[in-house]
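Just passing along the structure, written as structure tokens.
The chains carry the letters A, B and C, assigned in the order they are written, with residues numbered from 1 in each.
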Amino acid sequence: MWWNPVGIWEQEVPPIKTLNIRTFAREELRDITHLVQGVVDDSGIADGLCMVYVPHTTAGVTINENADPDVVRDIIETLDKLVPRGLSYHHTEGNAPAHVKAVLTGNSISVPVQNGRLGLGTWQGIFFCEFDGPRNRKVVVQVLRNT
Amino acid sequence: MWWNPVGIWEQEVPPIKTLNIRTFAREELRDITHLVQGVVDDSGIADGLCMVYVPHTTAGVTINENADPDVVRDIIETLDKLVPRGLSYHHTEGNAPAHVKAVLTGNSISVPVQNGRLGLGTWQGIFFCEFDGPRNRKVVVQVLRNT
Amino acid sequence: MWWNPVGIWEQEVPPIKTLNIRTFAREELRDITHLVQGVVDDSGIADGLCMVYVPHTTAGVTINENADPDVVRDIIETLDKLVPRGLSYHHTEGNAPAHVKAVLTGNSISVPVQNGRLGLGTWQGIFFCEFDGPRNRKVVVQVLRNT
């Protein structure tokens, strides 16, 4: 679903695209690098900045290693040790730790775009962080053009 | 207080506005969503990216739920458990934990702007995070126009 | 090393510059403020946004106090308490804590640029966060022009 302005400047507005993601576990780090690169591809923007924004309060987004899946397991488990479910929280919906984890990871990341490619490091991938799944989630990808 | 360049390009420069905020407790998460939206409104920018920047080292900014105030209480209390005041720190001003908390939350957030509105999720608000108050604080809001 | 597009719009593209940094300890917060300001200077951009991006998965970047070096020591030591080396991790390269710390600090920061200067607060500096050194590292600095 692309946002399209009305009027003659339509083709001048860099795109924002909303991705729909289905998560399958309570906690899950999902590699969405290829989806984000797809939005950059469709934008036709060669040089700029790509911002990935998560419009949820119990999910986040982060960048880390996508080669060894054990890294992601360690991230999930360590966050769980830092913000355990067993503690007493005021928020009574049972997902208070998910809110705190979203604060710790943050809900947006930015990556330079060069020659039409995300300027990620060799081992880097972009991960949607589900902390209160499974759910249907949205991820907003915006590409800003260099001028 | 708006920054205005000198010269004929004045009207072309998207705004930066510095907000003054008074905090009233040592630790406090203050919902500043309406203030940030106000800067977006004043900017006249329909589509772009809004960046909120905290120029302090013992305060931060985060995005999380602004419906149930217990969520914010849980965030404050959990950060306090992670970085307790009782530990021994080198920095002797008594606010070492506030510095570390600012690192954990981060001192800036970015949100897409679409049709003149912050593209926040249903439950999201933007919170100034005071970790060493009460104080007079500044928050810088910048809106970058899509081109 | 500047990235230069081919063609007549070359002078219009705000710069991306890759800095090379050598770290000397396993964990180290290195003040790179002057290096980042140098890229802003070279860009000739008076007003915009500066984004600093770390293309590694065991290093990050943060903004905090650069006056008292004890603050940085406290940040390093507290992160070490939160994500200790002694725990059992799945990732077997011995640097699992470094990956998690990179998630906690984040791998990019944004700062407003006003009148050709980074809009940092009085006590703020930009720190490259080495969590798995010593190594040769890269830091990408991008300046986006206000339009």
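Here are some notes:
Please note the rule applied: a residue touches a chain if its C-beta (ideal position, glycine included) is under 8 Å from a C-beta of that chain, and two chains touch if they have at least 3 such contacts.
Just so you know, these numbers come straight off a predicted model, no measurement behind them.
Seen as a C-alpha superposition, chain A sits on chain B after a turn of 120°, to the nearest 5.
Different-residue interface: chain A and chain C share under half of the residue numbers found at their contact. Averaging C-alpha coordinates per chain places the centre of chain A 20 Å away from that of chain C. Residue positions 82, 104, 106, 110, 144, 147 of chain C each touch two or more of the other chains.
For chain B in complex with chain C, the touching residues are 3, 5, 12-14, 16, 51, 53-57, 82-83, 87, 89-93, 96-97, 99-100, 102-104, 106-108, 110, 138, 140, 142, 144-145, 147. The touching residues of chain A, counted against chain C in their complex, run 46-49, 62-65, 68, 70-71, 73-75, 77-79, 81-82, 104-106, 109-112, 114, 119-124, 144, 146-147.
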